[in-house]
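There are two complexes below, and they share subunit A, which is joined by subunit B in the first and by subunit C in the second.
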Partner chain A sequence: MASRQRYDFLLYGLFVAAILLAPLMLDEFWLNRIAKYLVFGMLGVAVALSWGYAGILNLGQGLFFGAGAYMLAMSLKLASPTSLQQGSDTPVPDFMLWNAEPGALTQLCCINKGSFIWLPFQSQWFGVAMGIVLPVVIATITGLIVFRNRISGVFVSIITLALVLLVRLLVIDAQPLTNGFNGLTDLAWLTIGAFQSDPYSRATYYLVAIALSLVLVGARLLVSTRAGLILQATRDDETRARYLGLDVPSYQIFFFVVSAAICGFAGMLYVMVSEFASPTFMDLSFSITMVVWAAVGGRSSILGACVGAILINMIEAKVSETKALVEVWKAVVGLIFVLVVLYLPRGLGGFAHDLLDRWRAPATEAASDEGLVAESRDALAERG
Partner chain B sequence: MAATALTIDGLEVSFGSVKAVNNVTMTIAEGELRVLLGANGAGKTTLMDLISGRTHSTSGHIHLYDTEITNWQEHRIARAGIGRKFQIPSVFRELTVRQNFEVASCRNPSVFANLGFGFSRHALARIEEVLAIVDLRDKADVTAAYLSHGQTQWLELGLLMLQDPKVILLDEPTAGMTAAETKKTANIINSMRGKHTLLVVEHDMAFVREIAERITVLHLGEVLAEGDIASIETNEAVRRAYLGSRSIS
Partner chain C sequence: MIDTMFIGLSLSSILLLVALGLAITYGAMGVINMAHGEMVMLGAYTAVLSRIWLDANIVMAIPIAFVVTAIVGLVIERVIVRRLYGRLLDTLLATWGVAILIQQAIRLEFGLSFFGIHVEGLGPGLQNVPVPAVLQGTFHLAGVEINTYRAFIIVVTAALAAVTWFLLQRTSIGMQVRAIIRNPKMAAACGVDVARVNALTFAFGSGLAGIAGVMMSGFKTVFPDMGTPMVVDGFLVVVVGGVGSLLGSVLSAGLLGEINSVVAALKNDTIARAVIFGVVILIIVVKPKGLFSFRGR
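Entry: the complex of A and B
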């Protein structure tokens, strides 16, 4: 067991070193692309936490990603030059002006009925804080309702799926406040002291890479706490855990919320590297894509799910440079997904683990397998 | 005279028109090992469901020592001091044997209290002890799903020992076991004796003779008889109801 952990941390170390050294070999264009994929890797971490470790297949992770993205984008929108140059004391997003009723006051407070909720977003730090707070609040409320009522399995998936679609509709519908389908574009850069989140800069890449490293290692440490172990126990057998006196819902809610917070954080980083927020973040297909990444990479391995997300996107980017391959690639990903689900339920990460185990201890493994077989044979004989 | 660990008073529950448990009253003294006998469908599992909070009773009371626990939530009853082994063994299948035991030795149920790493030296020592008692030492790092049926049952018994509740309910702990395994289970249960108050459902009369002091017989949801093994074996009503024409052998 202990040596397994050492291996794990070695692999994590290698991964962190790789993403921190990547800028040495990449141009700005690719650096920006990889930064996006690292954000997706963070989503893989979130999916592995809730699906792999808690057994909760959340099909609405996009909701938390979108919430994080929109919160930061609102602040960055107000800080953009176009918003500042509308000739009023307060910044006003351009799309609000385009849609304003004739004679409406060109002030953020009252240009339309709901625009006042943008007021606090004039502070960049409010947006940053809300990027975590909002997903956490939504996840806590959802988690309380779902898990306290002992809803489980596929029903959780359906509820989260319905939720993300509902919010997506609301965001599109609230066009005067959110710019509807078009989302929030023309954003300023996030400014922290001397740092500006120029999406094509090395500094921004490092921000994302370090953020991912911290989240990755943090999540790995979290699942090796006692609480992480108990969480896996509740995944295996909720009833058993309950009869040992554990308050199962509180574990499910806690990790559901952590996973949501990671998604929200990823959403903010994504806004920095892509300079927009859009309702497509809350498309069903995006949430499902995240699950595919994690399944292929290995949902029971945090690093596996993370690497899965990054690799699939890298290959996809390479492939999509050739037009003819784009459609084929989708089919290939679909096929890989099906094969992995059928034959490698623990994904490529789990497969690698198994190989590693077998390679490290071929002798003992074989022996214990044989012992088990012999024992059950004896048992059968006696029973018969 | 020892204190009363478990008091069941006029307990009832019905499913539709069936009264699965009907006006059951019994008391179990601290440290006692009580065997619950009864034909299939007599209501033994349902009685355990009621005690452990899985099913809510329609009337009657359950006390654990002086605390009334009637119809509490399962995890609160468990924390109050009642542990339970299920008829179909229930363990954490994707965790190793040792991890199973670690989960069971988490004293504090709250998620925030468990955000730390590792276990106290005392807890680890206790885990080793239990591994030895249930004879799973050489399987400690095996995933529970790969254990044999008997080993899975012992693993579940081990979970209960580590949970260390005052009262333990065991539902058919030897179901599906070979004679050798049954013997081993009897030893394990005998080793729990005295440290816990036990209520055991069992069909296997050889096993019952091995462990029983006092026996309660349930029939159609009601208590039919109660007494030591000799008096139950010679009880006419029990013979007629539970054993049919077959005599206890």
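Entry: the complex of A and C
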């Protein structure tokens, strides 16, 4: 196992070096785009954690992404000039004024019925903290209900899916509070000391790249801890793990929450680089698309899922420059997806691992034994 | 109140037509077919195209749509789903890919738009289908004013549900399907040709979704993305009703449809859908096997 891990960390190192060196050869426009894709890569990590390692196919990751995004966006909206210049001492989001009843007091406390919940968001750090706290709280509650009741497999997927669609509708319906379909736009930049999150600056790119590197390496270390191994045992055979006396739900809840926190974090970074938050983050198709990225990259490989997300989006950006190809590209993605599920169930990452194993197998006796272990483990994973 | 309940019943009917196919394919074959919504969409487009090219009205489009979507369903089963039996979540992902492919096929007019050929009724735009004069307007029944088209939907659904019930309970192939729902391996051991029965079941389920699409085209706009919410709703119905239970699907379609129309009448459509999702989550948590089920999956 040790040498396999060494290869792994070599690959992780290469990837981190690549994203940190990218600014040397790209202009600001592309850096901004790549930063977005790195955020999507982080979503790939979250999916790989919950799906690849915990066997929980969460079709509602968009909920946590959206929650993180909205929390930060609310703070940045209040800090934006469009909220400050509304003829009042305290900031009021412009859309609240457009929808305000005649004669309503133009104060955040009482311009409409629920607007007081915006009050604490006047502090930027409250928004930043809530961007992690809210997804964690939602995931903990959901996880407690779902996993303590031993709900598993596709039912978890359906519950998470119903949950994200439910919240999406509530956000859209609460138009006076959330600006409904339009989402939150015209946001300010996040200010940390002298740093401002200008989406087209190198500094912001580095913020995202370093964040992704930390999340990536953290997730990789997490899955090789005892908790991570127990989780994989659960994924492969839940009943057996229970018989071994393990408190399975606790581990599932823990990883579900970690995955949600990563999504929330990614949501905040996305708001910084794209300067908006909208209910589309909670569309069904976005949540499934995340799973697609992870599946193409390799669900059981954290780096694979991350690279899969980045690659698909980069190719998409290139292809989309030709207008006629935009729609064709979607069809190609559909096709790639079908082919990957049929012929490469473990994605490109799994394919690379197989090649690596085959290449190393004849080298030493020990190595081939390792290959066998890996193969049988992977065979188990596929069955699950 | 009665007219709200009636609207709810017609919503339930559409839900049921979509869910019946899913209930059978999911129950019998363990396949989550995300492309099922696209069958609804294809059915609706069949109605659009048969009006334009065959001058056929919505009633005549029903059998055409059934045949078209059943064939498409058969092809999907033969080419893709067949290889994925036993890998439940993988079927979900692969058929999501199929769904995208079908949507793009309609958007790009099967690729013809690249050669400058435009087929009227296809493409990315919105389409709609007029309802024939006979089905327009309202009539009075026992003092209540009833929308003729909604009544038509309910009657067609009732007829199709009856046909499905008859096929499942009174024919030899239906008995084989039921055997597979209970235990596929045992059914195979008893000489049931599981592969063949599965293919036919899949085609029949797709055909029913196609008919649901024709019905929808009469009161909703037709566009390439219209199927996605339908497949979600269909699944909620199946899960609430209990996997493999047809009666369960009928009752839960009724329940969800009514909740939707009552809440929509009291508040608005958005909240109505949100309430549906909330109810479904509750039901899964409280009764994971569904309200009326032989077994869970």
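Criterion: the second predicted complex is superposed on the first by the 361 of 384 C-alpha atoms of A that agree within 3 Å, B and C clash if a C-alpha of one lies under 4 Å from a C-alpha of the other, contacts with A are read in each partner's own complex, and residues count from 1 in each chain.
One rule holds in what follows: a residue touches a chain if its C-beta (ideal position, glycine included) is under 8 Å from a C-beta of that chain, and two chains touch if they have at least 3 such contacts.
The structure presented is a predicted model; accordingly, all values stated were derived computationally and were not measured.
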| item | value |
| --- | --- |
| Partner chain(s) touched by A:173 [first = subunit B, second = subunit C, both, neither] | second |
| Which superposed partner A:292 touches (first subunit B, second subunit C, both, neither) | second |
| Which of subunit B and subunit C A:161 touches, first, second, both or neither | second |
| Partner chain(s) touched by A:151 [first = subunit B, second = subunit C, both, neither] | second |
| Overlap of subunit C and subunit B interfaces on subunit A (superposed complexes) | 382 |
| Footprint of subunit C on subunit A - complex, ascending | 57, 145-146, 149, 151, 153-155, 157-159, 161-163, 165-166, 169-170, 172-173, 284-285, 288, 291-292, 295, 324, 327-328, 330-331, 333-338, 341-342, 345, 382 |
| Of all residues in subunit C, those that touch subunit A in their complex | 32, 80, 83-84, 87-90, 92-94, 96-101, 103-105, 107-108, 114, 124, 228, 232, 235-236, 239, 268, 270-271, 273-274, 277-278, 280-281, 284-285, 288, 297 |
| Subunit B partner contacts - residues on subunit A that touch it in the complex | 1, 222, 224-227, 229-230, 232-233, 235-237, 239-248, 250-251, 254, 368, 372, 375-376, 379, 382-383 |
| Residues of subunit B that touch subunit A when the two form their complex | 52, 74-75, 78-79, 83-84, 86, 90-96, 98-100, 102-104, 106, 109-112, 114-119, 141-142, 146, 148-150, 159, 163, 176, 178-181 |
